[in-house]
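Both complexes below contain chain A, partnered by chain B and then by chain C.
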Partner chain A sequence: MSRMLLTGNYAAGKVLALAGEANRGARGCASGAYPITPQTEIIEVLSDTQFTKGRIVPVESEHSAMGVCIGAALAGARAFTASSSNGLAYMTENVFCAGYYRLPIVLIAVNRTLGPPWNIWVDQGDSLTLRDAPWLQFYSDSHQDLVDTILMAFRVAEDHRILLPSIVAMDGFIISHMQMPVEIPDQSQVDRFLPLCDMPHRLRAESPSTIGGLTWPNETEKQRRDIQSAMERVPAVLREAADSFESVFGRRPDEAVVPFDTEGAETVLIASGTMAQTLRGVIRERRKLGEKIGMLRIKMFRPFPRREVLAAIGGAKRIGVIDRNHSPGSGGIFWQEVAATLQPKHEALVQNYIMGIGGGDVRPAALNGVIDDLTRRSSATDPIWKEVAA
Partner chain B sequence: MTEITILGRGGQGGVTLAKLIATAFFKSGKFTQAFGVYAAERSGAPLQAFVRISDEQITNYNQISEPDHVIVLDRALLGPLTLDGMKSGGWIVLNTPESADALVEISAGRRVATVGATRLALQHGLGTKTVPIVNTTMFGAVARVLGLTLDDVRTALGEAKLTGANLESATTAFEQVRMLELRPAPEPILNTDEPAIVATNGAILGREQVELQASETPRIRTGSWATRRPERRELTPPCNVACPAGNDVHAFLRAMHEENFDGALSILLRTSPFPGVCGRVCPAPCMQNCNRRFLDGEVNVRELERFAAEHGTRPSAPDAPSRDEIVAVIGSGPAGLSAAYQLAKLGYPVTLFEAGRELGGLLRTGIPPYRLPREVLDNEISYILAHGVCDSRGHRIDASSLRRLSQEYAAVVVASGLQLEQTMELRTDGADVVLNGLEFLNRTRSRALELDGAKVVVVGGGNTAIDAARSALRAGATTVHILYRRTRNKMPAISEEVDAAIEEGVVLDELVAPMQLRSDALGPLLTCVRMRLGEPDESGRRRPIPETTEDAYFDVRCDRVVLALGQSADSSILNGSQPPGNIALTGFGGCPIFSCGDFANNEGTVSAAIGSGRMTASRVHHALTGSDLLSPASPTIASYDILHPALFPRMREHHGGVVPPALRRRNFREVHLGFEGEAGIRQVVEEAGRCCSCGVCNGCDRCAMHCPENIMGSQACGHSYDPVYCKGCGVCVTECPRGVLEMVAIEKE
Partner chain C sequence: MIADSTHCGSASCDALLRPGNTNCAGCGMSLGLRWLGEALEGNAPYLVIPACCGIVTAGAFPTTSYGAAVAASTFASAPAFASGIASVLAMNGDKNPVICWAGDGGTYDIGMATLSAAAERNENLIYICYDNEIYGNTGGQRSSATPEWVRTSTTARGKLEQKKDIMAIMAAHRIPYAATLSLAHRDDFLGKVQTALETRGFRFLLMLSPCPTGWKSEPQESIELVREAVLCGLFPVYEIFDGRRFRINVRPETTSPNEYVSRQKRYGLATTDPQRLQARIADQWTRLESLEWEFPADPSQEQLHGELSESVAPGKAALSEPPQEFGNASQTSDAESNQDPPQGPLVGRRMKGSADEVRTAAHH
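Moving on to the complex of A and B:
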């Protein structure tokens, strides 16, 4: 383990390389690589890496990048790639394909606003567009969390109880291009934490078979229900992985939800990504002033951790969900999930705030404004768009 | 927590500077955070980067709005809004050669440190002269100000693998930085008219944003950052360079497009008295070199010139010669007439000597009326004579009369053309079968030769051969063959004329040469030989060589053989000395004698003769008055590759009417009708509008419309722009369809 100053992209690239190398004793690793701002440096780091058994394959599009990953994973390799924004949109057909093939691929999504209008800054709308794909989704809030989550994602995705691919998202530029201290594990530690990738349904030349052929409706329905069952097993598998992570790396990684000061809180804010980090400082200050206020960071979005959210919210009276994403005609996407989780069982007021769309700079003052609004509120209204700095 | 904002420009390395500062503090055990604000990464665009330094884990992921310190990489970026929110007591570290004392107006309530980082970076060879990279140098200064040591500087640069010159420059800056301690002041005194730094949003979607776009672009001063600037080039369109007469084709087309036919004609008449002639018979090198030919066909300059001659009003000629020196011009072909015209315009009385009965030389005797109607020629000659040119016809000037003229005149111009026709011996047995080309043209034109039912063979590949062949048809010949010893694409004749002859029924026999003419009981027989092309000769063309096979020889039955093999100058007028180009000889009493036109250079086209006449007039004027010569300029040609073809809409070519072959091949009426009527005017304006104005600004103002800084003036003022705001982005150059502007490097001192 060494502590280094790295940007999020470099950290992600280094950890992907460590994970890929860790499978050298089995079928190796592979990545279909295609650049797009702001994730390009990840591909650059990977391309600079010498693998004992592995290849980075430059391709002509994101669609093909995922295609390479699908092929590699079907052959039993540990497969991973990265993309952003319209690149993810273009990749989408094969993203679904990878999930329904039950291939444990890890995809780093460096969140960037979908165009047009052209915009390079953070907005979770790109990876959340894939929320209905059979993929796990994690939203990291810091450099260290990003590194830890990538390792956890491989571990959970490749677990035979799960066998589903996983998206690890980070805020474009804010994490991807920001340089901060981060602990990067040694290869030997990663080797210990990640078992060799063993894809039970990988294609074998000695026993030829096909995958993904035509099925009847009842067979298809069974496949979908199997996926749902696998999704439901994720929280338990994630916890096991966290235990193992702690024993190897000596510290516990963040899990599906991360409560902060929720003890006895009447008002709870819910956020994700780096906004949750900045919010944490704001909550800390207001707690010092005696306010009964706490927050919950949702790290795992798929499967949506309903039980964990309900448990963390406790008896809070007011819930404010802050979304850096927007589903036109509805509202914030995390809000939809939280509201669906709470409504039948919970009396709390749930208010949605949409802010930082298109990469707006979410400063503590703006978050204080949200809290001021929420604490004065006696009933919820339609999602509120909160202006932030340009 | 300490928060630092860095103000720089894209390409200066501001983000790297943030990382260097963070690294130095990270190495001393602090928590740090370094990041930039990424946007359109245009070189020179204002850019911000931030550093946070703390003893605890940093949880803020937002940008810094209330910095403790501000580092400015470009002095021009410093303004009140850039310091807005800065905490009092902090440092402003500024890249400027000025001393910190000179910056008292911004130092109110803050501390100021300055260092001439640009100069230091240049001295250490960091970046280039146009783009010095100042970040590592500034790092040295910042490190000193923030209490770091030179060891810290070395370590952080080493981590980033920035050693050598970077370390040296940083060390110098560390030592040289000038620090001005805090000056208390009640209120900061700031220049409040400073423009704001505002990122412009290039997106246009929805009404609100369209309106936003329509508003004034915020102006940001460039400071020392721009590396390139646009500059207007000095280019000449290829048509102007190609015209042997020296016509300003480009200006002519522009006037035509503006429907200013009088103005257009005046432009032509500056250099040529023969727009009506050239508008019909010129091979038009301007069109052959027109860049538009690579897009959708060359601009039809020839027929536009004809239209101007027919529809423009000629300016009235000067009343009387203004000078005393009388000039003699020998020969009234296009060169002599052009020289006489230009001399008359310069104020000289001119006497024009013509051996024949009519003026015009080859224009009259060599070009058949179906290409050049006599009244067109007569009109233009009358206009020349109206300038004060006297003509003396029926006088053939020989060597002795030339000597006499040199006593009577101030200067003499010899433009007697090519009087000797080349011929070849076909060993004819005396029958009146063989004629020379010019004689044949004379006789057919004056109807002195009837060819009803005759088979005619024309030998040659020049314009005279084509004219003779087409005249033969009009004189009644049933079959006309042109024998040419090379191939069609090597023929000197105007290509369109060859096409027209073939349309009319002339047969072109390529790679054939005549050998011998004889007669049998049925009449004359011309024995010919097939040729092939061998190695190139001294003219660069492949030399024709007779085939040696048995079937290479064949007989052609013919009634007439016309030899159109070219002409040469008769230099006996100069006592046999070779016509010496345009260089003056000296006659009696120092009278300068000039040779001119085909007699001097054998260029063989009307436009070359016109140009030669004009240049000769200039030489005469120079010899008599010491005035400046018209200098043959060596301009830079605006070639096709400087144009941006995508910016020119494709436009159909326009052509005037043509009499169909069946209706024209038996008479001498004009074949080409030109643009006619109201529709003709519209076509003319459109055709002139197809001119790309290669390399010459025509005021389209695309550069001004597309300038992101909105600083390009309208082109009426010659691409002036305010360099204070020009970032050197090059959009104006990219958007100019015609290559008027280019980017040039700005070298820093």
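Moving on to the complex of A and C:
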């Protein structure tokens, strides 16, 4: 393990390369790679890597980037790629296919606003459009969390109880381009943490089979329910993986939900990504002033960790969900999930705040404004848009 | 634990296309797959099949009509999926061929960028387009492979645009091997698949694939139709090496596409004005023959050109000049057709009747 000063992109590229190389004892690794701001550095790092058994295929589009990953995974390799914004939108058809084929591909999503009009700054709307795809989704809040989560994502995705692909998201620029000290594991540690990728349903020329032919409604329903069951197994498998991570790397990675000061909290804020980091500082200050306030960061968005969220919220009376994303005609997407999770708990007031859309800089003052509004509220209203610094 | 509801299988490897599949009677794809299976000679392939009739061929889960490892891909993605598979096979020393089996929609239209990119990267795979000149799966709409004047469910009065020249596009990628496959020329077909199997890098095969359902033709006439298409020059049977060396394998025997078009109800206007179609065919052959003449597949032929240029004075100027423009019928040299025809591979370089005559006729 070595501590380095790296951009999030560089760190992500490095860890993908380590994970790919770790499969040299099996079928190797492959990636279809296509650039888009702010993800580009990741594929540059990958393209510059010398693998013992691996290939980065310089494709002509994100659609093909995922296509190559699907083919590679079907042939038994560890497959991964990265994209952002319109790249993810363009890739979408094959993103769904990868999930339905139960291929444990890891996709780094560097969150960026969808366009046109063109805007390269952070907004989670891109990867969240993929929320209905059969993929796990994790939102990291720091460079270290990003590195740890990528490793965990491979481990969980390739577990035979899961076999589902996984998105690891980071905030564009705030993580992707900022340099921070981060611990990058050694190859030998990654080798120990990640078992060789064993794709039980990989295609084999010697045993004729067809993946993806026609299915009738009853088989399709079974397939979708199988996916749901696998999703439901994720929290337990994730916990096991965290135990193993701890024994290999000597520290515990963040789990699906990261509560902060929630004990006895009457007001609980919920956020994700780097906004959760800023929020933590604000909560700490207000706690010092004696407010019964806490927060939780939702790291795992798919499967949505209902149980963990409910447990962390406890008996809170007011809940504010802050979203850096927006589903037109509805509201924030994390809010939709939290509201659905809390349904049986009518007594809690759940208010949605939409902030930092299109990459607006969410600073402590704006978050304090949200908390002031929430603590004064006697009833919830439609999602509230809070303008922030440009 | 895995979702086996996407995965159909059988333990025994038999024919590439098993009996009992759902293809329409007389479907060109059926014979194409059978011959492909034969040419493979037990060399078990990985097939990648995008959305098209060819994946419906597999039939419904949990059975499959394919005696091979098959991955269905999204419509535009067959060459991308196949690139992933081929990459992993290569790094693991697996020698099995990777073959894309795709319709014209997935090839000429939605998959064009993916196909072009895989060709540019010279991926080690074989791409076979069975070209039925329509979107068969969705009920027979036009594609950019649909010939001019043909009626489809979206070109009720006949298509206005010409068919895209996919072979020229693939040749422009300088891929090691590109060839057209005729279902009426079995030895040529099998030989070309063999050549493709023995070649490394990106290989492109184009098969004219009769579709009685869309062509409004009689199922029992499918192979006959392909023969007619080849003999009238509408579907040239040739191969291109490295994108720049050409060999024509079958020469046209007639200039009239009548036998071909009159047996398909999809040809509307063309049947009432066959000369326009004839002119197109002549243009196509002028271009193809100039290319073959200038850039023969067989190097000894090039030498022969040298000798000819010196000894056959009248034809010299016309033959050594580079084509001014593709499809320019004025390349045809009457002097040359009046000559004693050169022997060997040059026999039958021109169709009977010059392209000029045909073109003039078409302008009446």
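Throughout what follows, the second predicted complex is superposed on the first by the 389 of 390 C-alpha atoms of A that agree within 3 Å, B and C clash if a C-alpha of one lies under 4 Å from a C-alpha of the other, contacts with A are read in each partner's own complex, and residues count from 1 in each chain.
Throughout what follows, a contact is a pair of C-beta atoms (placed from the backbone, for glycine too) under 8 Å apart; a residue touches a chain by one contact, two chains touch by 3 or more.
Just so you know, these numbers come straight off a predicted model, no measurement behind them.
In the superposed model, A:Lys222 makes contact with chain C only, not with chain B. Of the two partner chains placed around the shared chain by superposition, chain B is the only one that A:Gln277 touches, whereas chain C remains out of contact. After overlaying the two complexes on the shared chain, residue contacts for A:Met295 are found with neither chain B nor chain C. By the touch criterion defined above, A:Glu206 reaches chain C but does not reach chain B.
Contact with neither chain B nor chain C is seen for A:Ala339 once the two complexes are overlaid on the shared chain. By the touch criterion defined above, A:Met178 reaches chain B but does not reach chain C. Note on chain A: of its two partners chain C and chain B, the one contacting more of its residues is C. In the overlay built on the shared chain, the residue A:Pro117 is in contact with chain B alone; chain C does not reach it.
In the overlay built on the shared chain, the residue A:Val68 is in contact with chain C alone; chain B does not reach it.
Overlap of the chain B and chain C interfaces on chain A comprises no residues. Across the interface of their complex, chain A is touched by residues 1-13, 44-46, 48, 55-56, 58-62, 64, 66-74, 76-77, 79-92, 94, 96, 113-114, 116-117, 120-121 of chain C. Within the complex, the chain A residues that touch chain C are 27-28, 30, 32, 53-55, 57-61, 63-77, 79, 93-94, 97, 100-102, 160-161, 163, 200-201, 203-216, 219-220, 222-223, 226-227, 230.
If you check the complex, the residues on chain A that touch chain B are 5, 38, 116-121, 142, 171, 173-175, 177-181, 274-275, 277-278, 280-281, 361-364, 389-390. Of all the residues in chain B, the ones that touch chain A in their complex are 15, 18-19, 22-23, 26, 31-36, 38-39, 58-63, 65, 159, 199, 201-205, 209.
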